[in-house]
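Each chain carries a letter (A, B, C, D, E, F, G and H) given by its place in the written order, and its residues are counted from 1.
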């Protein structure tokens, strides 16, 4: 047997949506370029097969053929793309995404874009870090009008604890790699969230806005539709 | 000012239940013994104030006066105690607690006891590790009949990924400190759960069965009552 | 040369007080018992030489002769002892010690006892963790009436960031080893404090209440006397 | 809701100066370029709103319009910029900044520039590492004529301990990421400073010259004015 | 003695094949370019001396003279090259290489290419991660028809445990550096494999497809020939 | 549902032997005592069901009833026990277990006892560390007369590399937690083995002699019987 | 083959002294008790075979028969024992052992005792930490009259850098596990010594006073005899 | 005071040579370019002031004026430069530098170049890794004819232990950052050397060939001259 270096054998998990309520997504980072291109050709607009591409670097997207780029909705901040979105969900629920600062934008937007792709509604509450508590206090009531809360924060991630102590909603916390030195690429924010002094905060991997949206979707899918 | 070594100034957060839907709990580990005793006197059965005590070592509980022990429901496996439970919740939902092995019992039971204390229903599915997949396969349908799933696993924690790929339910994963060497007191199980190849798995701190139950409660509190 | 196992050659730094404003202290942990006993005999009450003993375990103190114990003021929570205190300072300033919870008592009290020994005034604000923000809010004005603030907190140590964003005072933050799992014996609280989103928070080693008091003393010694 | 990728919702904390005595600063690293440009337009010279920009890479500053660059005082070594400085402080105090070597220049200068921006006086004592103790000895008296000392050092950071044992002043220690191998990007210098054998040394995050200046400012603001 | 910067003194271990059954290989990463070129000239096609070059970056290979490139079989995905292969082995055995996803291709292919170079047969089963168990289930019988199994997986590496619980074959597990955040460049996958809940899984260094093939070869060399 | 603290729900994997060639074993560490006792009653001599108990502390074994102890073959060095062994294997192969020193005895013997339990033959070559190479040199020929080699070593684990460079056999390396300081409870030995300069060394978790024996068994089961 | 749990096969390296100038030593920690007793019987006074026992806990030594204890010179601070010492060396050289504090006594004394056992002369300079530089300054000239310097220090280990900058002698640095929190059981002291800003400091494992003495002996053995 | 970004205040330690026998060196990594250029102008050939520049990247050296480059002896493999060398030492001793492989060349050569600069003699024994023990065996006698041995090795660094067990000479071990995955940029090689099973191996920081040469120089300076 001799290896064909072009086309690693992809086994697409099309049954995932039926099995767990979430369609498969393509994690682009580290995938060979030719492999990504093949996948993007297969799942463009008009194919009737919604697939989300995450961690798709602008330089990679820019290198695609124009015809291919035109059938994709690409956002360079969140590094996400899709050819088609899932149909809107009818559940009576929406997600509040609260972030510590604008430096967290990539992750905040990855969560937002994933929710949009999955057909869910959300509200954005950026730059709400606890160094200036008045910012969070001013929007707390509106945040609590959402059914699920995603908290995105780097550095000490104190926002997760403060908000967790102020809301009865499910809180999904996403640490970000913002910061330097002891921020340790987000490891310290992750630890803060996992040992939050507020009970019942649930945590995602560092910078995993996509995962937070999926966790929120699993909860929203339990709610009544209307 | 001269310090009184006996009674550190406790500020009990009685408003927590109203604010976030979860009553305050007492984390006993590391608290001075006299302080614990004072708290247990205050919150025993018949006081009308439900409080959960977690991480209460058997040796500490055994050292209490008999009269105090009699007004507490104490479980030495989960190391939890309460004087009174919260009233049963009317929500139409229950939690499946799935564990990798019987060595995870302390954490599995801490989650179960916390749910019981909070007034929620649950089912236990222990010893379901993926080294023998037939065990999980045999109970998957019953597990999926619950609204929320708590996965408790140590070692490689592969159970979270496998189950996360088989259920549409919210999955709250709790790594345990079971194992030795590279298990690193649960750090490796934690990492496995955070980087699960199944999307939307939400994670708690190592051995934090209490936190998993609280996270489940935040979700259950969104569901209709019946 | 043959070793005498009894009396390692101690070189006491009596000039320290004149040089840096702080008398030498004896860190007892790990010191051979016979060495500790010799030192305690030398520095008891009535010798005119104030020395603070820190990390002196109750079991070690209890093993001393009664006559020696009687000339020492020992506190088992903070594990500190002195034969004589330094004379009261005349500076116009005092320290607020704010802690996250009663489980931090050993460190909180080590800071308080060290300040008392050095002759400074302080106020204690325990159990002020951010999971219930009303506790901190209620005492903020009084805290700010002190010139220096010591913050003692374990777990996610969010208290340092929240308080750092609410006070113009110098903030000396001490992480504690309270917690389990990702608390990592205080490493996570330490990291949180070092990467606080509030500017100008200065940090001590984990559980180092003594060091926090010394850092506060260096500041207080700059203030006018009255 | 569809995301606008251009302008994440900034909530500027203008009240910070009144609340904690330090105006808000903009941490530029990782912020989207368009967001930075908007902020720099808002806070240039003549706007009457002093804001400090830190961690602003020369390549980013160079990419700005000439007209914008002309209203900013930018220093490429410290990577700091401001449109306007705060008015000079009237406090009777100044800061000594002592560094181990010229390789620490970025951090040393970030501290110095921040103090200049905040309106405080300082003196610089660079290249004073303990491998040649005569350098520190020669300037010790002059260093001690300042009210607050900032120590900047990488590698083993022994300078903090040596200086801490020679001065009664508040010592704010900043570890730097200078070195390789076991220097671990400054983690070892940080640890050395936190476990200094000299009491009362207070520590900042790795390379955080800005934070050291803010901590010094909190102290200086306690001093009498003249 | 003055150093010649061009030709570090190479001592080639030609006796390795006779001693341990595996010819020496050249690990190219970090080797000076001139040294690599000298080695490639020595071991090209027609020299009768099979040598495998691993971790040979495309940019390095591309910089070689065309005449040299033509005598090498180079694969840019696995970054391997050889001038001549070893003669085919006559053992009655072959290797199944099973990978979690196509992002693992570099490692998967390094194992495959090394086996081809050594003269062994193998089958490839890519994209078999446990998030969609049906993929593994569908090929299990065919996988078990091989004598040795190499498992290549990143992230949580749950595939090693699941497959280890389904096959009696020797399992050689290779963690990959695929993933971000808590994936920690493959450290977490490595830990998962080492603490697999399935017994007898043997592990290689992160991304070491070459080593996995060598370990498989040591086993295959025990089997009867036919 | 109310928890019964006595009998966690065990699901024994009796089909494991048929599926993967290795019967299930009971990892005793951390299991509740009552649970262990129940299991040992079920699997004692004469029950026809061979089960291996590992990590069974002498203090736990000693606390059993005498009647139960008499039906078990227990070894306190390896901390292993069985009621019945598996029938002897007929494969034409045996295992050499080579250790660095006698301080590795617990792990060396756990591997040996597991092989004995599984029905395989082995030879022991203890105290063969490379600080005195003559020890290994003297037994190399005899070691190579075995089909599989298990190397057990702590500290720098150089033995794995040296032996890996001298034998064509499959090498299964087990790091041990012997040593202090930078030995880091075996983490450094583990790393040394994983990055061995000899190719094809396969590694087990720290102190996992049981796993090494299972990995050897998977290989031996491929060999012809005689 | 059935294991004899009593007597693991010891292979004593009697040729070590001839080969490397240092006789073999017995590292007692973790060795089974019966094994230690056998070794101590073999190497007691009058056997003509000098062997050093290190890390021999007082509780283990105390458990020996009185007759055996009487033929050993045991020191409980350094935890070392020997039956016979090596004959005095005739080299014209001696070792200065300089320590940071009396809490380092176990390591300081292990180095001293090992040198005594090997037949070398040394001088002790304890409690010379840099927090009070006058202590080191006062003995520097005498320290430099020795040919080799061993520096023993915990915490920030600044002593190694300061002394390394003041002496032309070979400096062998031993970090100790003294301290808490960021001391990390000596890891931070180790790092400080390895990245010392003074050139040519050579480092031993944490707490390895024995190794430091051996490294000193290797140097002393180069010197002329007299 | 306004900062001059061009010329940080250098305090050159010209007295170092007299104090510790080693002239000051300039560690170039991370130093601002203008600062480096100033230093190189000051210490070129003909100035009578020997200074060694280490970690001087080829790209930095190439950017210098031709006239400046011509007065420097620069070696791009070791990244070292000098204008003048120290006069040759008259000591009766030389250093053997033994390396594991040619990938260690940068470090091996940095040690060699530093010795050449300091005026000492040395011999090079590269590519002597233990995977092929015959290479080391073949040159052992010649290696032992040197007075001091520097061992340079990456990966598992087993060479230090093997050689340490075969030579009576002082052994200075330098770990290198060669390798990937668990090599952890040389941390694992460092640990292996620090916990070597051969006694008296002294260790330098990762990749610190310069430090190893300085440590060797401190020893050589003790030897008689001839």
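In this text, a residue touches a chain if its C-beta (ideal position, glycine included) is under 8 Å from a C-beta of that chain, and two chains touch if they have at least 3 such contacts.
Fair warning: this is a prediction, and the values are worked out from it, not measured in the lab.
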* Asked: Which chains, if any, touch chain D and chain G both?
  -> C, H
* **Greatest separation from chain A - chain, by CA centre** => G
* For the homomeric pair chain A and chain E, should the interface be classed as same or different, according to whether the shared residue numbers exceed half of all numbers used? -> different
* Structure fact -> Between the Cα centroids of chain C and chain D the separation in whole angstrom comes to 27
* To do: Round to the nearest whole Å and give the separation of the Cα centres of chain A and chain C.
  => 44
* Could you please state the distance in Å, as a whole number, between where the Cα atoms of chain A are centred and where those of chain D are centred? => 34
* **chain C: positions in contact with at least two other chains** => 16, 131-132, 164-166, 181-183, 190, 194-195, 198-199, 205
* Asked: Can you list every touching chain pair?
  -> A-B, A-C, A-D, A-E, B-C, B-E, B-F, C-D, C-G, D-G, D-H, E-F, E-H, F-G, F-H, G-H
* **Touching residues (chain side chain E, partner chain B) in the complex** => 100-101, 129-133, 155-158, 160-162, 164-166, 179, 181-184, 187-188, 190-199
* Asked: Which residues of chain D touch chain C in the complex?
  -> 16, 19-22, 25, 93, 147, 164-172, 190, 194-195, 198-205, 210-211, 213-219, 221-224
* Sites on chain E touched by chain A in the complex -> 75-78, 102-103, 105, 108-109, 112-113, 116, 121-124, 126-128, 131-132, 134-135, 178, 180-183
* **chain B-touching residues of chain F, taken from the complex the two chains share** => 1-3, 5, 8-11, 13, 15-16, 24, 27, 29-32, 35, 55, 177, 185-186, 190, 205-208
